[in-house]
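Report on the structure given below.
Just so it is clear, A, B, C and D label the chains in written order, and each chain counts residues from 1 on its own.
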């Protein structure tokens, strides 16, 4: 069944047992909304120099957006910023591929569990769900580093 | 040729040699515009009791609107108001008939030269041209009789 | 096949709608239950659109040539049809807009720029309800911000109805305008027009009715409603996209100022000043959606031929059946009235804690098209403490078999996320 | 058959336009010379419209079901096409409206409600020209009345061009916005964009260009124009009625306030306040003209395949020929430039003292469709002391034979009223 390509077991697992959910101390907080469906996330980043010490979050949304935040937490916490950015960009690229990017070993090595979202990229309405937490993380990190004035974007 | 049904000789004659054109003293003046084509008329009515003493006018417009004002002058000046209203209503009825009213002898007796406009009623865009001066006359008469506060309508 | 009293001959009707034959996702028959978002279009409407473009297309009102006369006659003929459809006292009270949202914004802007006694300003109040579509909230929020007028609203009861218990406190002598939805696009609720109109009239407030979800489904009689303005949208009632209607009482349309300026809406223009054409043209700046109005006229013909009362009866029977069947689904909670009384054929629900997005996705895979989200009525979701709903909405071509397909589909959803 | 250099293969092109085969008034072949009012539509556009409704019709943006995804992709795909057609730096700068008039009103309203530095108020000035279409006059008159800003304008020279001799006095440090037409719909004049834009930029004024009569006929490059806003309308460029475009610079669209409020344009709504989606959605309240945008996308494809430069060349050759032939007609006076240089394929004229209405009527009888009146540009008629003009306007399917038919027709008019 085609649906299984979106709802991979990995995704459903993260949805049912999310990693690192809940709001903890952070250097910056953002609130992002997906206006087309109302999914929301509040996300905080705590940095220790160039290292991501914590990404904590709270939100409501579908399995895809929730699982994606969970995977993000699992993947990024403990990483160096440069490495985290590479992961974020690779994930963005995959999600915008309209189901055309063939995940290879190299990509899988970078994305780990997040590779499971490859199937989601075939569903334009759901791509934004998968990206919600990642965009929030990017924004919060920029704020934590003092690069922007803050504020939310959709 | 079908056009001849609109451009009757009577109409072209009135167009080339208009009756009673020019502005003279009146009890009320109105200015009417046909917004769809820009035809304009300024028209004055002078009453003597129930009798129409004069209808004077100035304006710009196509042959139909100019000829119609000329016919109006010829027909209404000297008439009692009640009779004039009957003529106006008959003319209105004819013009709104979409070419379907068959002018009969009775109608012809009322409308005289104005019966020549029967063909115009087949051309929706021109009906307003033919009616411009008649609507102005109706409005000016109402004003002269103190029935309205004045002002222009289209 | 389930037989319900009052159903239309959907077998015949469905033949008019080419899209209903579509097959999606490897051979699944389309079950289109997203009619509150937009309806499908019968061949009769598409043919009229095509004919218009292939035979009579021209700009309206200003031409002496044959095509321009035909186009004008078709366009103005559509106005006659719509006027008759809503029992308007005069055809000149029917304004064509691009959608219901423009219609509602048009009223809000007219009132913001109006002279007394209509003017909305900082000493006045605007009343809406908590079940409005965003298109009947945001224009009033903008008007309130821009004029200083106070925005108030009726709240909702637990079972999805307007809470009118404090109507005298909500609608007061300060109220200039009361704007509310006739049939909710999320709850399905049909609102009690008379009670609200009576109170509004008592205090001299204007009444605006958002009939976007009513016009497609029931006989709309603007005189019986006793409103001052009624707005609705073509695409939900078998018409094309890009066309909406605002009906307004003639004397108001005469008194109120224009909104958009431009060609068609003027009487005479000089560089120094302009005067405006009488309504409806005063409110139709620029080349109107000509083909779309003509298409809406054809839609109105189509609906009238079937009979609005028959459509209402059909949908009522279907809603009764659907509510019953849905309530059999474990963990399913209907948001809105749980009977078919005083409600339209739009049913919102939640399914346990499965997010509506996921519900919709799994239904789609089975060919069942529903809408998920807040349905442009987010305050309703906030009110009931839910992030979103799944919404199934029916129309004249919907069948009991499609209700059954939905219920089966939901079972499948439950298994999938179980 | 007259052979002119640069003509398109009209024989092939005309086959795409079903209406051009129409026969009017007892066997006369239609000669459609009313393209400045609206263009005809090729089969390629009508097919796309039909396909949309028969296969993919759904409301956009909010659906997880297949039709909603298809409709959204088609609608947003049309935005991509339009963005490419006008060389927009970003697709998000393309706003779909219902027509050019709405686009221009949208800008005027944004500026009226804007904060500094954009706000138009009683200390500021608005500049337009005497050759504007009413749709680019009345919105600014309304804005001026409602804010107290002063409305100024460029006059016209005897030969139908903008009089820019006093540009420094017209556009001053007080000027907040300069709005002008790229190609006049009555005179045919192509205006010198650069000179105006340079002066406007010097004083920090925003520039709005009404490209309604340009987009159908020439390569439009919003970056080369250096304007801040560019408006045009779909129905004049082979697209459906009911669709217009406003292009605006991204940072302006971010900074400026919304105009119409409603569904689709919001980020999040509560009863107390709302936030707005980023552009272009911020300016697209309600269900957009979905099918019409998709149809406009198809029109853009059609025009691009033929090549905008080829269309310009075709029309230029035809205009050159038509101006020459018309000037042979006794008593004919062209209102506007009397050569084909810096002018479009729209030619207005008077014929002795025969009223244009009568000219148009007699031409119509011969199957020739022209427009008569003030063409929604009454100040131009006032300027040249005439009540109205007869206007012939050509497009990519127009032929030299049609010019000949017009000239013959005018001879007939002269005889008729002679």
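The working rule: a residue touches a chain if its C-beta (ideal position, glycine included) is under 8 Å from a C-beta of that chain, and two chains touch if they have at least 3 such contacts.
Given the structure is predicted, the values throughout are model-derived calculations rather than measurements.
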Both-way neighbours, i.e. chains that touch subunit C and touch subunit A: D
Pair with more cross-chain C-beta pairs in contact, given B-D and B-C: B-D
Distance from subunit D to subunit B - Cα centre to Cα centre, in angstrom: 37
Whole-Å separation of chain centres (CA-atom averages), subunit C against subunit D: 31
Distance from subunit C to subunit B - Cα centre to Cα centre, in angstrom: 45
Gap in Å, rounded to a whole number, between the CA centres of subunit B and subunit A: 76
Contacts with two or more other chains, residues of subunit D listed in rising order: 25, 62-64, 68, 266, 268, 357, 361, 372-373, 378
Per-residue overlap in subunit A, given as positions that touch at least 2 other chains: 36-38, 123, 126
Sites on subunit B touched by subunit D in the complex: 1-3, 6-7, 12, 36-40, 60-64, 66, 123, 126, 129
List of subunit C residues in touch with subunit A within their complex: 25-26, 355-358, 361-362, 365, 372-374, 378, 381, 387-388, 416-417
Subunit B residues within the subunit C interface of the complex: 33, 35-38, 123-126, 153-154
Subunit D - residues contacting subunit C, complex: 18-19, 22, 24-25, 30, 32, 34, 37-38, 40-41, 46, 49-50, 53-59, 62-68, 98-102, 104-105, 113, 130, 133-139, 141-142, 146, 151, 153, 233, 235, 240-244, 258, 260-266, 268-271, 273-274, 285-292, 357, 360-361, 363-364, 368-373, 375-376, 378-379, 382
Residue ranges of subunit D touching subunit A (in the complex, touch as defined): 61-64, 68-69, 72-73, 266-268, 277-278, 281
